[in-house]
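Two complexes, one shared chain (chain A), two partners (chain B, chain C).
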Partner chain A sequence: MSDKTLTQPGGIDYRRRQRLARLAQTLVILAGAIVLTIYVLAPVTWLVSSSFQTEAEIVSVPPHWIPDEPTLQNFEAIFSATEEEEITYETRSGQDPASGGFIPSTAKNLLPAMWNSFLVATLVVILNLLVGVPAAYALAKIRFWGRDASVYFILITRVIPDIALVVPFFLVIKNLGMLDTIGSLVLTYLAVTVPFSVFILVQYFEGLPDELDKAARVDGCSRFQALVRVFLPLSLPSLVAVVLFTFLTSWNEFLLALMFTQTEASQTLPIVLAAFTSDFTISFSFINAAGVLAIVPPVIVAVIFERYIVSGLTAGAVKG
Partner chain B sequence: MRRLFGYEERSAALFLAPVMAVLMGVAVFPILYSLYLSFFRIKLTRPNRTPFVWFDNYTDLFTNDLFWVSVARTVTFSVVSVSAIAVIALLVALLLNQDFRGRRILSTILLVPWAIPYVANALMWKWIYDSGYGALNGILYQMDFIDKYMIWLGDQEKTIFLIANAFVWKEVPLATILLLVSLKSIPSDLYQAARVDGASVWQRFVHVTLPAMKPGFMLVMIYETMMAIRHFDLFFILTEGGPGDASHVLSWHIYVETFRNLSFGSGAAMSYVLALVTFALSYTFIRTLGRKV
Partner chain C sequence: MARIRFENVEKKYANGFHAVKDLNLDIQDKEFLVLLGPSGCGKSTTLNMIAGLEEVSDGRLMFDDMLVNYTPPHKRDVAMVFQSYALYPHKTVYDNIAFGLQMRKAPRDEIDRRVRDAAQKLEIAHLLDRRPSQLSGGQRQRVALGRAMVREPSVFLMDEPLSNLDAALRISMRAEIKELHQAMQTTFVYVTHDQAEALTLADRIVVMRDGVVQQVGSPDDIYERPQNTFVASFLGNPPINYIDGTIEVTDSSTARFVRGDLALTLTEATARKLADCNGREVRLGIRAEDVDETAQGGEGSVIRGKVNSVLPVGSDQFLGFDFYGEELFFRVGKDLSHRLGDDVALSVDLNRLHVFDKDSGKTLIW
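Let's turn to the complex of A and B:
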């Protein structure tokens, strides 16, 4: 049958209609994809672009969207900041405070703060795995009296807002003499990470067949051996998800760190960054470079492990 | 008794002991301690006198105008942010549910705001909104929407919406991922059947897609409301509650009361109110999730 028979005058040209519909769909998808990309990436691109600008360029009106002469001076300032560079009143006023150009004395805190963040996050991850894995195994594979109660208990601890914990935490930590230590952060971050980790793991363990457990037990494994030898090797994806979430949550946490840290002994990256933003003498390009530095590690992690993150998010949040 | 304390119970108790100990220590004890503290008048400036005042901290709270202002600001912020998140996330989820080339790249890009630390997000938006050299002024000026640079965050009317925008940008990815799950769980024969019955694209959306997404939507709404009413970081960095009390939300109020006025008793009382509100809200959340575990 040729096209002609279908396009009778007055009749409906179905094929043409279908082609139009498909074209419209493609256009809508294309437009949506472009809008979404711009929405997500434009703010970040602007931040990155301004971190490569010189002080003179960053204050241009209207802004230069792309730097005329990209420079690494801001990043160099962060990585080469040392104790010797004392900022005195003279050296500071030597530059025009209105237009900035001022690298703060706290610049040297950035790298130690990154190290603190890394250390805290790593410890929190390890503790999460140590307490989370056995708990999740028990909740997923052992039929015991009190299981539902335990699940609800962990769920309830998950919805306690962090700000409600700040006041009691502060007094306890102060009385323990743990203010301004990394330990205080590790301890309190457990409250915000453990329940979520347990649910990611429970979800995954439940997907593994019960027969595995039974087979291992028949072969003479104890519960503990069944967990370590049979389940752990199989649950690698969920372990990766737990590591990622816990690490990123600790790396990004601000409120508790703001309360408990005071000096570079324990200050984490978000704290040092926040201090920059409230200092009006610091040059914008420097603050932006510091911001880029804080963004890069978690974004790289997210992009590399996208698959694990998406499955973890859906497991931990949706199917709980 | 054998059923209560059989082998299963004993091994489960052993496996659960560490997590229970940790959660007792870092969650249950603090929240109970907080309740206890809220019955005392504790000023760190006056450490040796901490009288027991029954419910005074609570009654003071409810007669404090600034508290009610902060409640109103929190409600505005949460309603605006959560509805924006729901709408944008729905559109993005519908887009990413289509099959097209570049879909995977797009969903990876979408994770960027999710991964960025809140402080860095705040820093970024502070710079975008900057009154002197910011991108928002720059772009609006170049497009002739404004004829002079504006002090965006200094505008009492706009501040809370601008902060909400920064919050929405960061939260949309998570909401989208949650919505995508319920979109993906719709069996395709439902669409086939609707198509056979002659339903248009719009009708299929309204009668098949939307009802199937209801649980996912509920989850997103409750979760994001919980996140919004407790949110602190953006307010701390962008406005410090200002200008005036335009962004003086509850979490900021708690922070000021506790760590600037150093009255821990009333700070504890306030955090308790916030915790109870969150609990009430999350009751549905817990029920939804608890059923599925």
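Let's turn to the complex of A and C:
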């Protein structure tokens, strides 16, 4: 830069205008980010905050974002609701909903349902990996007749909305005698999630150089060993994506669970949570505390696996 | 120990593309065989069939006396170096080199010894702890070589291993690969489209075109006695010159090639081969270097034309030469300087003329 540009007529003006434009741009982006953050975080914040409030405080106007007197009684209620207790009109009418002492009649199902949800989600994740990884490897790296058709077919199954599948699924599950079992959920969730997992993995495997596969096999790997020893370590990010996607999908699934489960033997968290709102009276404090418990496992899973979503794992494989 | 035989081997890809046609080839034990041809001619396909990475569609592929059509790659004792190196990015250099031995369950101290040995030879011993992404192209190439070397395979396959290197490195690596072959005493099959690489490295060269073998022979055979115009054109820099003309046979041991006022007297040996070709339309091939402008050419060995272009190339110069509207290129010494438009007379080395059939392109004399 020479001094000339500084003394040029209009030079300073131009630079100031440019700086202003950049500032304005930053401000717009910042404002957008703030709005988006509030939009995303507000419901969660309210959920967590209200789970530490009494029923009376929750319904107060204006709402308290920070509890005046944080209380753990909602959580205590959840963990003490496990013992059988007869809920009748008498026991219920003695409770004062406003004080937060009220507990829904299905409260004792909450912890078993959480365990069910966890079991189902974990099984779905594991089976997804067991089925999806070899399938994706075959589709991505082995040229066989009908390969492209298979990929499209697998994807097309995901175009059909779940609601259209409910009745056929129900008939199949009923005929298998699996109604009201965890197995029915695992089975149907797999049908819903495997195609997408395979799709994610195929995309990723196809991006890994063919020659890596060839090198591994010439080096003494069978197809399966090439998959395990070379492809899996390199596809960590996509595996994590599959784990997160399938865990969250089964954790949150509602429609199929509503159809196939009737008792606490197989009911999952979303079903039990939803039932709380259809009781005689609604206890917001209790529901919100339950809601907080419901988001804990997915958050833990996400935090554990998120760090493995990294790029650049394949750098250096081919020329470059 | 491995002799590799292709018997009527065909390769058709799943999409119907016929990549290799009726391949018959006998690769001797400890031979250095080079597959040479333009891009897409089926060299890699052939190599991959030896490795077991591509199925043989038809015919028989034999290792010694064993049919290996259906043997998967990990059960064949082959090692391969890929054009893109294909190093395992998640493993260190050490583990990249050791991987093949680990998969074959070699004892740990044996693996260690061989890996360090190979690294020493390839001068990458100081890089053993690095990842492939932290290496230069030439270093990666050495790691890829090392990975194949330590296996001490009975067949060593290389698919254009030098094509990603710069010119200087390529020439020095060429020498190292040749040494490696001498040291390892195994069968090498080497794919390239670089004629210089093929000519320096090979015991025998296989020239391919569109999946069909054109000629198999020693570098000398291929260069001096090409079987057809494709082989003749593929080797040589600048490429061989062709002149279409007619053969005039005088008697059983004398014949001339005639085109306009150019008349070249053919050697006696050539003339005998062409004894029944009087009046035949042929294509004459003259390699760019088979002329001499300083020699006093006798009648029947001189070609005349106007200089069209002069391209100095360090050691000599290429003369572009207008001949009946066609551009011929000759390699001549630098001693004489030429200007565009000059008339020149070059004396042709009659012993090195090539005569091909004009339509089929097949040689008429070798």
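Simple rule for what comes next: the second predicted complex is superposed on the first by the 269 of 320 C-alpha atoms of A that agree within 3 Å, B and C clash if a C-alpha of one lies under 4 Å from a C-alpha of the other, contacts with A are read in each partner's own complex, and residues count from 1 in each chain.
The criterion applied here is as follows: a contact is a pair of C-beta atoms (placed from the backbone, for glycine too) under 8 Å apart; a residue touches a chain by one contact, two chains touch by 3 or more.
If you're wondering where the values come from, they're calculated on a predicted model, not measured in any experiment.
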item	value
Touched partner set for A:L248, first chain B, second chain C, both or neither	first
Chain B versus chain C as contact partner of A:L165, first or second or both or neither	first
Contacts of A:C221 with chain B and chain C, given as first, second, both or neither	second
Contacts of A:P233 with chain B and chain C, given as first, second, both or neither	second
Residues of chain A touched, compared between chain B and chain C (which is higher)	B
Which of chain B and chain C A:R143 touches, first, second, both or neither	both
Touching partner for A:P298 - first (chain B), second (chain C), both, neither	first
Chain B and chain C contact sites that coincide on chain A, given as residue numbers	143-145, 313-314, 317-320
Chain B-touching residues of chain A, taken from the complex the two chains share	25-26, 29, 32-33, 36-37, 39-41, 43-44, 46-47, 50, 58-63, 65, 127, 130-132, 134-135, 137-139, 142-148, 150-157, 159-172, 187-188, 190-191, 194-195, 198-199, 202, 223, 227, 248, 251-252, 254-255, 258-259, 269-270, 273-274, 276-278, 284, 287-288, 290-291, 294-295, 298-299, 301-303, 306, 309-310, 313-314, 317-320
Contacting residues of chain C [partner chain A, same complex]	13-14, 48, 51-53, 72-74, 78-80, 82-90, 99-100, 103-104, 131-135, 137, 140, 147, 151, 157, 164
Chain A contact footprint on chain B (complex, rising order)	3-4, 6, 8-9, 11-16, 18-20, 22-23, 25-31, 33-34, 37, 91-92, 95, 98, 100, 102, 106-120, 122-128, 130, 132-135, 137-138, 141-142, 149, 169, 174, 177-178, 181-182, 216, 219, 223, 226, 229-230, 232-233, 236-237, 251, 254-255, 258-259, 264, 267-268, 271-272, 274-275, 278-279, 282, 285-286, 288-290, 292-293
Chain C partner contacts - residues on chain A that touch it in the complex	143-145, 209, 211-212, 214-222, 225, 229-230, 233-234, 312-320
